[in-house]
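Each chain gets a letter, A, B, C and D, in the order it is written, and its residues are counted from 1.
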Amino acid sequence: MYEPKIIGFLCNWCSYRGADTAGMARMKYPPNVKIIRVPCSGRISPELVLRTFREGADGVMVLGCHIGDCHYSTGNHRTAKRMPVLKRLLEYSGIDSDRLAINWVSAAEGEKFATVIKEFTEQISAMPPFAETMKMEETK
Amino acid sequence: MTNSIPEFEENTNCFFVIGSNTSEGHPLIATRMLKAQKRGAKIIVVDPRKNQIGHWADIFYTFRPGTDVALFNGLMNVIISEGLEDKAFIAERTEDFEALKTLVAEYTPEKVAEISGVPADGIREIARTYAKAKPAAILYAMGITQHTTGVDNVKSTSNLAMLCGNMGIPGGGVNPLRGQNNVQGACDMGGLPNVYPGYQAVTIPDVQKKFQDAWGSAGPLTVGLTVTEMLHAAQEGKVRALYVMGENPMVSDPDLNHVRHCLEETEFLVVQDIFMTETAEMAHVVLPGVTFAEKDGTFSNTERRVQRVRKAIEPIGDSKPDWVIICELAKKMGATGFDFASPSDIMTEINALTPSYGGITYARLEELGSLQWPCPTVEHAGTPYLHKGKFARGLGKFFPLEFKEPAELPDEEYPFTLTTGRLMFHFHTGSMTRRSEKLDSEVPTAYVEINVRDAEKLGLNGDKRVRVTSRRGEIELDARVTDDIKRGVIFIPFHFAEAAANKLTNSAIDPVAKIPEYKVCAVKVEIVK
Amino acid sequence: MSDRLTSLREAIQQVFPQVDGVLGIRRGPGGIISPYLFHSEHPEELEALAIWPKEPLPDVLRKIQKAHPEAKLAIVCRGCEERGVVEMMKHSQLNWDNLTLIGLQCTKEEAEFCRCAKPYTVHAKIVVGEPIEGVPDPVTEKVAAMSREEKQEFWKEQFLHCIKCYGCRTICPQCFCNICTLEDEKFVETGRLPMPNPSMYHLIRAMHMTAKCVACRECEETCPADIPMAVHFRLIARDVQEMFSYETGAILEQKPPQLLVLEEGEYERTGLPH
Amino acid sequence: MIEYKSVLTTCPYCGTGCTLHLQVLDGTLVGTLPAKEHPISQGGLCIKGWNVHAFVNHKDRLRTPMIRKNGKLEEATWEEALGLVAEKLGEFKAKSGPDSIALLTSAKCTNEENYLLQKFGRAVIGTNNVDHCARL
């Protein structure tokens, strides 16, 4: 079994603190997810997700505040509107949209954070490496 | 081109592309091939580099630059030994087939594989595919012509086309893709030292008389100098004044250090252009011409199609249309016969003196959009493909040709073969495209393409700056490491004056066509610390 | 066909007194058509008026209005062009108040050429021709029915044909941004052909067309490599309608979904976790 | 009156011969559009064609004639510049013969202009030293 590369974009105000909470409580979760802290999940545009795949990620997670809890009040509404469309587009292009996960984790939800990471890592591990399925780099 | 671009989509069943980076040099001809491919036509590409068209091809092989004649002989060897030639066509319309047959018998696929680097089975595959898919078109560009054996290479293409009866039929033929919008027209109009407009030879007294009668005076009966010869003559003091209209030899010509020296020796250099080009900077007088957007006229494309250029805006600043400048200069020198009110008037004179353009008038172009020469009269509909039923000289002649090595081969000191060419995003010396923001942002400066494994051997990890040196000069530029180029070959686009590929190129020329060998010279590559 | 042309001429003449110009299509040298601004001062120019093929008129209109914000202009528009004008208005690219729409209903042949679901105008007060029903889009259906592997193969081949002319972006009436992500080398590598990651260009563009594509198919028409890129836009348009009840170019007052916060009930339809 | 027109012309880059429309608004270029139903370009263009209007108004365009004085190119009038060229060419022709002058026509200029320059070279100067970059 291979070790998948996963990139997690975590919003600064909720999900990143949720990760802290999980860490402080010494909860166990797989180390595959490389965390990138962003001001808001709404910052993560579809092109950034696509670029992350291009750079070699096998899975991408976007974690933000629960709807209603956004530090910028509606930043995560953008996430909720754009990411589902991107997932559909991936499917239309022949890419398994399960490689992209969207979820909401608050600062208090350390346990949820650990579960989300664990489940997504398992899900991606069960798939072949992305480069093998989608030969995006083929012409290089 | 003997044939027409629309025929590629409608008729052609096989494209043999050699010495042409069609998808970048002539993008919309390349996409025509894609359209044909969708209905089942095959694309064969042979090139030292795997360009985009190579990625599209059904059959692709790299080969050693400059071994074209050997490759063609090998293909013909296979076709004749397998009996795939068009016997009826050969019998009716050609001569000297036996001589060709004898010569190519020596060029077995195994022998050619050794020379060219295309595997013997690959040569068989190409030969069979081409021979069995009539009509098949050969497409080439400067990759065939810019060699010391350029003329032999061109003759080889027509040998192959005639062998399979691919001449004089829609969708077939031998199709040189002209690199510049009006290089065809400049030749048609007599912008050559040996011919008047319509390829009427300067050495024929009757022709001279015809133009004397029309113009009051004409050139001598001796052939003039080519670009390369002019520069040499300038250095020797034989040519003292040079008038350059819309050309930039300081980037486009081979062995630039030598070109600079020659131009410095020229006593009086006049440059008529739209930008302060590298050549204009050396001029004694600079005359501002206008772009295509500010004047009327016609261009003739690679398939001999004459089309209108229409004025869209007024000239910028004090600039003037080039035709106006020439008329004013001629009148200043006391000449008559330059009283033209418009380009349409000039075309009327061209119609009268150039048989192949006889029926190409502005009124007809307005109505029909375009006309392909030969178009001798205003009733003539134009000629989409040449050599129908008969060649211009009667029978088509086969030329048995031995393979000759390029003038300069790689050796221990200069181990790489340099080949030059074009990019999608730039044009010729870059004076237009490098001033176009979008195009410039795509490729802002020069680079050299080098094979991954060659790069490894040099210790080039990733794209770095390198120095490329030939016997004539050296340049520094970024390296671009790629799989898509043959080992031992490097490629530099020639658009960039700051790292001009032509500082390196060899000015050795084809003895007949006087074309320099841009596609092969020996260089070495070193990492810049 | 000629009937429609005559009626369109009459409609334009009727509008002439109220406007500074009417944007339409004229047939020029060699029978080639192009956009042209007709004027009441020169009614004879209407002799050259043409209706097919269509041209990307909304984008031309935007250019003219930008230089002449106060001018009263009319535009001859088909269903797709009307949708284009509406969307541009919503994105503050056009001043709706200074516009007069002259609707031109498409024929069945024209609609089939464009695989158009809505070949008719809905807002234009002056209309030429009778509206017809939309036609099916077999190309989109064919791709939609493919398996994941087939889709991947299909698009890989299509995108390899891309010669990076930027024609689809440049001709699109809805691509009016001053800064374009497709020109950002962080996302689309510059200066290489074939593009090392051609899907980056095309998928980013598809995302940016979300709730914007008006189905005019100008992009596919201008593509030298015949890439059927509108397929992506059309499949996404269905999702946008399903998730956000948004129909591009249809209702003047409805704001585009990507600019706004989630509305009541929308979140449930996105399929995201709770 | 607001003037918008699309002028059909031929692309000045490669030899394919695509035609395109230059979009002209009130006398200035505002863009390029492809030509639908054209036998060669079929409503498409490459990236160079799409950007063909970009260099026309570039600030580097030569706007006035220039003459080299004391080693430097300085602005001049058409009268001065053409006068000097005529005088010099006449001088060389008279002193060293017509073949001491050579002319390069251009694959970028129109047929009419190429015709005129070679006519100028042959009829006015009297030389066949006429060539262009066909080989390059």
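Everything below uses one rule, namely that contacts are C-beta pairs under 8 Å (C-beta built on N, C-alpha and C of every residue); 3 or more make two chains touch, one makes a residue touch a chain.
Bear in mind that the values here come from a model prediction, so they are computed numbers and not experimental data.
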Chain with the smallest distance from its CA centroid to the overall CA centroid? B
Chain-chain pair with the highest tally of contacting C-beta pairs: B-D
Where the centres are mean C-alpha positions, what is the separation of subunit B from subunit C, in Å? 40
As a quick test, compute the distance in whole Å between the mean CA positions of subunit A and subunit D. 57
Once you find the CA centre of subunit C and the CA centre of subunit D, what distance in Å lies between them? 37
Cα-centroid distance, subunit A relative to subunit B, in whole angstrom: 53
Counting only residues that touch at least two other chains, what does the list for subunit D look like? 8, 19, 38, 42, 44-47
Where does subunit B touch two or more other chains at once, residue-wise? 27-28, 31, 55, 308, 369-370, 424-425, 438, 442
By the touch definition above, subunit C meets two or more other chains at residues 29-32, 160, 163-166, 194, 224
Parts of subunit D lying in touch with subunit B, wherever the complex brings them together: 7-19, 22, 24, 27-29, 38-42, 44-48, 51, 53-58, 60-68, 73, 78, 81-86, 88-90, 92, 96, 98-124, 126-136
Residue numbers on subunit B that touch subunit C, as the complex places them: 23-24, 27-28, 30-31, 34-35, 38, 51-52, 55-56, 308, 365-370, 423-425, 438, 441-443
Complex contact set, residues of subunit A against subunit C: 46-47, 50-51, 54, 67, 74, 77-78, 80-89, 91-96, 102-104, 133-140
Note: in the complex, subunit D contacts subunit C through residues 1-6, 8, 19, 21, 23, 25-26, 30-31, 33-38, 42-47, 49-50
The subunit C residues in contact with subunit D across the complex are 20-21, 23, 28-37, 39, 41, 53, 55-56, 60, 63-64, 67-68, 71, 163-167, 170-171, 221-224
